[in-house]
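First comes the structure, then the notes that go with it.
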Amino acid sequence: MKFSRRDLLIGTVGITAGIAFTPVPWKLLGDASIWTQNWPWIPQPSHGPVETKLSACALCVAGCGMRVRMAAGFPVGVSGVTTNPVTQGALCPLGFAAHQLNWHPARLLTVRHNGRASSWPEAQAAFAKTCAEGPVAVIDGRPGRAASATLEVFAAKHNGSYQAVSGPETNALVPYAAWSEVPVSALGYDLENARTIVSFGAPLLDGWGTPGRFTRLWSERAAGQINPQLRLIQIEPSLSHTAARAWRWVAVREGTQSALAAALARVLVEEHLVKTQGPLPDMTLEQAAVQAGIPITAIRDLAHAMVECAPTVVITSDSDPTVSALNVLLGAIGTPGGIVLKTKMNQQHGSVPAAPATVRATVIDGTVPWDLIPPTQGEVFRFAAWDGGGSNADWLLPSPGFLEELTDIPTAPTSSIETYTIATNLLAQPQETQTAAQFFSKLDGTLPDVDKSIHARCEQIFQAKLGTIYAGKPTPVAQFTSGAKLEAQLRNGSVWLGESPRHTTLRCALKTWPTAAAPAPVTDWTATWAPPVLPLLAAKLYQESTLRDAPGRSQA
Amino acid sequence: MSARYGMVIDLDRCTGCGACMIACAAENNVSPPEPRATWRTGITPMVVRALSNGKDGTDRREAFIPITCMHCEHETPCVSVCPQQAVEFDKSTGIVMQMPQRCLGCRYCMTACPYHARYFNWWDPQWPPGMEKSLNPGVSVRMRGVVEKCNLCHSRYHDALQKAAAAGKKEIDVADYVPACVEACPTGAIQFGDLADPKDPATIAAKSPDAFRLLEAIGTEPKIHYKTTQAWIRALADRQSDRPTEAPHV
Amino acid sequence: MSETALVDRRWIERGAERASTMRFLLWLFPWVCLLLLGVYAAGLCFYYGLNQTNMDNRFAFGLWIFLDLTVIALGAGAFFTGFLVYILKQQDLKPVLNSAVVIGLTCYSGAVAVLMVDVGQPLRAWFTFWYPNTHSMLTEVTFCISCYLLVLVLEYIPVLVKNRQLRRVPSFLVFEHQAHKLVPVLAGVGAFLSFFHQGSLGGLYGVLRGRPFAYRQGFMIWPSTFFLFILSAIAVGPSFLMLVVATAEKITGQKLVDFRVYRKLGFISGVMLAIYVAAKAIDTYVWLNVTSPSMGFGPWDYYSYWPLSSTFLFTATVPLGLLPAILFIVPRTARHRGLLLLAAALTCCGVALNRFVMTVQTLALPTLPFDPFLKYTPSWQEVATFGAVVAYGVIVYSLSYRYLPMFEAMKGE
Amino acid sequence: MRRFLLVFGIGFALALIGGWLVFPRVVYLEKQQPFDFFHKTHAEKSGLTGCDSCHVIGSDGQFAGIPRNDVCLGCHSDKLGKSEAEALLVDNYLKQNDQPEWLIYSRQPANVWFSHAIHTQRAGLQCVDCHGNYGESDQPRIYEVNRITGYSRDIWGHSISRLRRAPHDGMKMTDCEKCHRRHHVEVGCLGCHQ
């Protein structure tokens, strides 16, 4: 018998019929949909032990305490530390995605020389050469760290200069420092005791100072109250996030803050709203009113509102003596609720400006604004963990990223009390990276070692017997029996909080009313965020929602 | 044990910083935005939106309102419409649960939700190489073509349950279960608690005269409450004032 | 005569007048192109996902859902004609029965195909059968449509095997005779299923408590839209059938059915339409004065937005509802072929517009007090897929007309 | 007609053979474990009787799963015995401090949340209730992975039809549900999913 086309047909029918009685179609149907639930190109979370560790965020000067959730040895989530007396469990929005920064596309992991890939030995050689030729300028974006000491010593040894770059919040304190002849780092705002805060464009509720410190104060004492304990008066051209939530918003014409300040000064003095008698600005009330575009009556009301609820303090967004002078009139310097002197313990880091002409090499370390142009002709070596783009540095040197470097965190600029935190490196430092301190130590073995300096500082704190250690529960330093115990606590994410501020020791002499052009106010909400790139998830705020405008800073 | 987890969000305390949004995304393994994503195609299980009184100049007032799944208690719109039980109302917690792995992506639930708190994965989630190491092991990653939304940080509830079991307890410790957005808020504007417990601070806050809910008249009994002393916000929320006719700067 | 033409002839009914092979191919060509483009677009959606469309989280439903609802309404002619012929024994409608079946088949299969593109995870679509949520209107729709599609296939096979060549296979002939006995049963089942899913399609939106614009109270578990959709579908089905047959006559230049059939279809459409318009008016009144206010929404919340203001509601009911109804019923106008067809066309537009309002306007309107009114324009992929369904319908109908004795057979009996 | 049945029958039979015998071998792929491990030897030689002597549950309820190197180092600081597996363990893993990448038979997909703590501590289940008598296994099991889904075969179970199965065969959702129903434990989707 031979096989016909008809047989083929019937045979196929038989097979099809048979298949239905096997697991094939049914299991394939099931497995196909399971496949869609486990697509190979969709990443899966890693397996491994989950543990929670404490550290601190070293990405900006605020240095918030961080509770880090680690899985399989990598951070999978961060949150604030509620026992931290400064932040009280708060972080800035960007902090919550900071643990993803180490894999940011802009992460620097190769030495780059004028845009081309290079290597550490080459960088070392180039630096050694320039050092031999002349003095070195060191620009430190995070002064006051243990590492800063190392940099300073190195600069001194190589008859160079050490310069600290400070952010807007520190700059805002510069005038008072000048008038009262104390270092800026010794000053702070005693917000906790203030009743009225007049902010000239400072984003007090939007990334100013240490997250949590003012926001918590504000939410407890001001939010939603018709007649709040804490009055926040926001003077700003546009309705910013802070202005929107302020007790009162005064729309001032762009760049006329000095004029308004002058007008307020006149009203305060002439109507005897303040004890002090001047100095007074030359500008008359009328002129000022016209300039600022605010009716005189409104200015009067504002002046009255300012003093209604004392103590009152004025806060500027950046260095602006013409406005800062108001604090002198208000007697808000060296008094509770004003600008106060922190108890001093850590040694000062003066900033000696470099002699531009002679400097052969400039080293930039820490979170220095990406667009900073060093005032030198010499070769520029910049340490950065992320490439913010458009840097004019000759050398880009990859430094450790988030939680990859052991560093200590000095008092935050706006704080009125000294603090000390250690940001433990929960992640191993990648071999591709070096810190500036490590880089220098390769040239000069005698430089102070960061780990040792941190140890020394802990010892200092222990010896001084001042302040309190905030771990689970606060423990006065005096109660510690050994420095080692104290150090161990600090290295495990505890915070040292100094004594409460002294109000008497600050005197401020102001002969004439200052005149200086007001700097541009901080408008970009990311201005206080120090790394050159934002966490990718930050785009949720301005791309996938309309909450904010996209930041000016390049996203790499 | 039958809890009714819910929130009371104090709009007067919300500064619109967006910490809750980012904390939520990080906790729940939401990927960074696809380059083409917009406010209408993005994934923001917790989103803060701006309110305004519609006036200009110095009369202008603005506020911010965090919007997430309201976990409607009654006639939950999304649960009844899902053709294959990918959405479920959990009797023991009052949480409206979304199961992306069961979802076929018909998006019927999205048309049903009056709060627009549901999000469709228009693209496959993508992370830069290596960043998958930062994924939260407690939450599975969604894939293109499915709907997702706030599950009230359910992985944290899991951990709390497990901890309780290990300690031989039946009930979870309240302190162990706090959603990421609540934890993240720098002004403590979000109060989280068991609304079935009359002594719970959240329950008491929800009963205050300043408290209200969005679209209450629809009758879905949302478990996210809001709170404000500002008359204009209340008027807007109660739909007494006219609404914007154009999309917020898009 | 070329070789292919000869082969082609052999498949065409003996004695039937059909266009030459060449002309037929020329006629098919553009439609095939359109179909292929649509298939390509659908392929893009499968490969890259639904980001190929312009839908978004707010416009979660778009052009495709509108297409599905409309197409399925137009396809209603199939079940209703079957119902009239086999259950109500309206033998004089028999001549158009086969076309009704073909139209129904293409409409339903087309709709299902588009739905498969529309869902984000087609490979999981079968979950609906395995883990059905009995409370969901969509489950009801899925079940009924897939079952009814099966019914339509069964109804189509007897028509198919009437083909000159297929007829010659003995077993097919046997089957055809058996099938004929079965057809009335199928018609009954079909009618039942269709009643349900046509309604459920309306229910789909009527149950949306979260969308006060669409939400309706109703009878037991069914919102009023459930019944309105059944009515409008029954009304539009015969109209569409009439239009298709008339177009076929126009293109082929042959008289396929007697004018009395048109008038009958028209009359049915007219009566149903009249009932529908009345019902819709009452429903709208109740909704605007009772249902909607109770949810805190007034007419202003719906009709203050240009372009989708109340004009749509009006147009859908009066010029595209009441007017054709009158044209259909009043003998003087119904006698006139042109007016009859015009009325049919108006009816189809009216129902399409109604479906548009239900699907698109519902999503465009804001629910939250601080929400804007949203706009959406479909991407070319969406439009192409839409076009493919139309092309598919034309092609299937053309082939069926050419190779199957759709009208002849019925005349024969 | 006879011939019809014959040809049809042949086709039918072919399909059955292919579907029941060939298909399972095609969808599942055998994989090698890093090295042989013998539960029985450990139970007998080292007196590690209870499962929890290696597979511990932490105070926070976390299940450690397969022990990490430090646990092994407790005994295997240097080679015990001459076996090839022992050499591999000590030289390639413990000395390099490199975790062996075990293929886990009962690994559930990423969207499943299973708490050993709850099932053992609260429900009082024994390990064997779900895993069977691993402790007595004296030869390494073969690990099979589904080529399409990437799941371990233990999830579907070894009986391809899932009809007549051994007690511990299969760890699909339906298997979980069965037990939950038996003990009247009601949990929502997210009770077991994440």
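In order of appearance the chains are A, B, C and D, and numbering begins at 1 in each one.
Convention: a contact is a pair of C-beta atoms (placed from the backbone, for glycine too) under 8 Å apart; a residue touches a chain by one contact, two chains touch by 3 or more.
Since the model is a prediction, treat every value here as computed from it, not as a measurement.
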Intersection of the contact lists for chain A and chain D: B
Innermost chain by mean C-alpha position: B
Result of counting contacting C-beta pairs for B-C and B-D, higher pair: B-C
Distance from chain D to chain C - Cα centre to Cα centre, in angstrom: 52
Euclidean distance of C-alpha centroids - chain B vs chain D, Å: 38
Rounded Å distance, chain B centre to chain C centre (Cα mean): 39
Averaged-CA centre spacing for the pair chain C and chain A, given as whole angstrom: 62
Touching two or more other chains - residues of chain A: 32, 35-37, 44-45, 47, 50
Residue list for chain D, restricted to those that touch at least two other chains: 62, 109-111
Multi-partner residues of chain B (at least 2 other chains): 38, 41-42, 49, 101-102, 124, 138-141, 248
Topology of the chain contact graph, where touching chains are joined (line, ring, star, complete, other): other
Chain A-touching residues of chain D, taken from the complex the two chains share: 3-4, 7-16, 18-20, 23-24, 27, 62, 64-65, 68, 109-111, 146, 148-151, 160-161
In the complex with chain D, residue positions of chain B that touch it: 88, 90-93, 95, 97, 99-102, 138-141, 151, 154-155, 158-159, 161-168, 170
Complex contact set, residues of chain D against chain B: 57-62, 109-111, 113, 115, 117-118, 121-122, 186-191, 193-194
Residues of chain A defined as touching chain C within the complex: 29, 32-33, 35-36
Residues on chain C engaged by chain B in the complex (per definition of touch): 49-51, 55-61, 118-122, 124-125, 127-128, 130-133, 135-139, 142, 204, 207-212, 294-297, 301, 305, 362-363, 366-374
